[in-house]
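Order of writing sets the chain letters: A, B, C and D. Residues in each chain are counted from 1.
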């Protein structure tokens, strides 16, 4: 395997729909946040603990192409992939599938690592790169 | 005058509607937040500055009765009243009116004052009680 | 048993925190929505299907008392109870517990049943009252 | 003038911050929604009326690059530009400036026009293209 992949299921809440009857286009950002945090937890890296240790991960870029709307109460399947070993930045690529297993949207987010105390960028923490190593170099 | 009253207009965003075609019932909490912050600003008290000075105002109680739904793009009029001089706690009473000037809902929030550093309750800051004095004791 | 009780776990998302470092006070409304929908699903009643059949359940009243703040990434346990057989209206009572099993808040929502086509209130659907009967009359 | 430009001011709500102390990265989507709706209203096109007439405008693409975080209570200035006459699709380009007039982020959204009844794409309504004509062909 030359990449790390994780799958997260998320059920659409009523609060996340809009009067078009679809998931509001701005909601997916929070779905992807949940997905990448769980993907990191699965690697043994708690984002909560990372922040408590002084490393924050602000988003520097976000892009999404919507193919199909998602609807209330659907159990979405979001696949996230890390394709490159993170250095100063890390990219997560997402694909959202609806209950009929159709591709609903594709997106990526780019985040960087910031020393919260010094308020300046730092390299990816070893805890994260070491965990990813198992997926990238076998 | 024996109370302080302030009026805030808020236009309903698309993101705030749900598939019923109404404003989602949980959204009003943020409308009331905007309303009380602007009511305080009108008294000369910036909530942002208050927090920077170390005083936070967490909400301890919130209650709302919905009479009529509000809809997308409506310019709502929210009236807020402070009826009692705050001591350990402060209550804001809200009435939301739709574009036809019909009462859409009534609510109140109770907040307290917290020293963010010591993480314990404190009395209402003088800046706030002094400003309210003009409305309560004339 | 003279009531129906259901327990829902919800993990706090980063999007749901505010700069106080707590879950924003308006977010719980959506947690309670998820909780009551899952409580109904457990009774065999899909809210999604109910809406498709022409019955909507708007919220008429919501009240919450905050005891302790909840924090990012906490796995909250929300207990919901239906104490009275619904007729024109239904009340859900909620208790939110944090990861230390401390009571974070208590709340209730009152909803009514509306014929979406005729846009007027109707009685609780039999599908729901029949399912609750098993819990209320044994 | 070969494009249409509009400026919208939006004040950051407390609900829109996260525990990093910044505006949550997913919130800007709703700021841009407000901005493009007001830009259209300024052209004489009410999005609400457009939907009532049976034309919806779902978002097909959204992309944003974050330069600087925005903070609670800041009065943001969002500039939106339409650079090309819409046909099947319309692009809005956004630039968000903070209170120090620094560029906070740049983004665009692509939307299409959909006949809500037939559930299929249609061309941009004449009401919109006629209004834009004044800006594009003088």
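As a working rule, a residue touches a chain if its C-beta (ideal position, glycine included) is under 8 Å from a C-beta of that chain, and two chains touch if they have at least 3 such contacts.
Predicted, not measured: the structure shown is a model, and the values here were computed from it.
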Label of the chain whose CA centroid is most distant from the centroid of chain A: B
Chain centre separation in whole Å, for chain D relative to chain A (CA means): 25
Chain B-chain D separation of Cα centroids, rounded to whole Å: 28
Chain C and chain D, separation of their C-alpha mean positions in angstrom: 35
Junction residues of chain B - those touching two or more other chains: 14-15, 19-20, 22, 24, 26, 29-30, 33, 51, 72
Topology of the chain contact graph, where touching chains are joined (line, ring, star, complete, other): complete
Touch list for chain B against partner chain C, complex: 19-20, 22, 24-30, 33, 51, 56, 58-66, 69
Residue ranges of chain C touching chain A (in the complex, touch as defined): 11, 13-15, 29-30, 33-34, 37, 46-48, 51, 72-73
Contact footprint of chain B on chain A as seen in their complex: 14-15, 17-22, 24, 26, 72
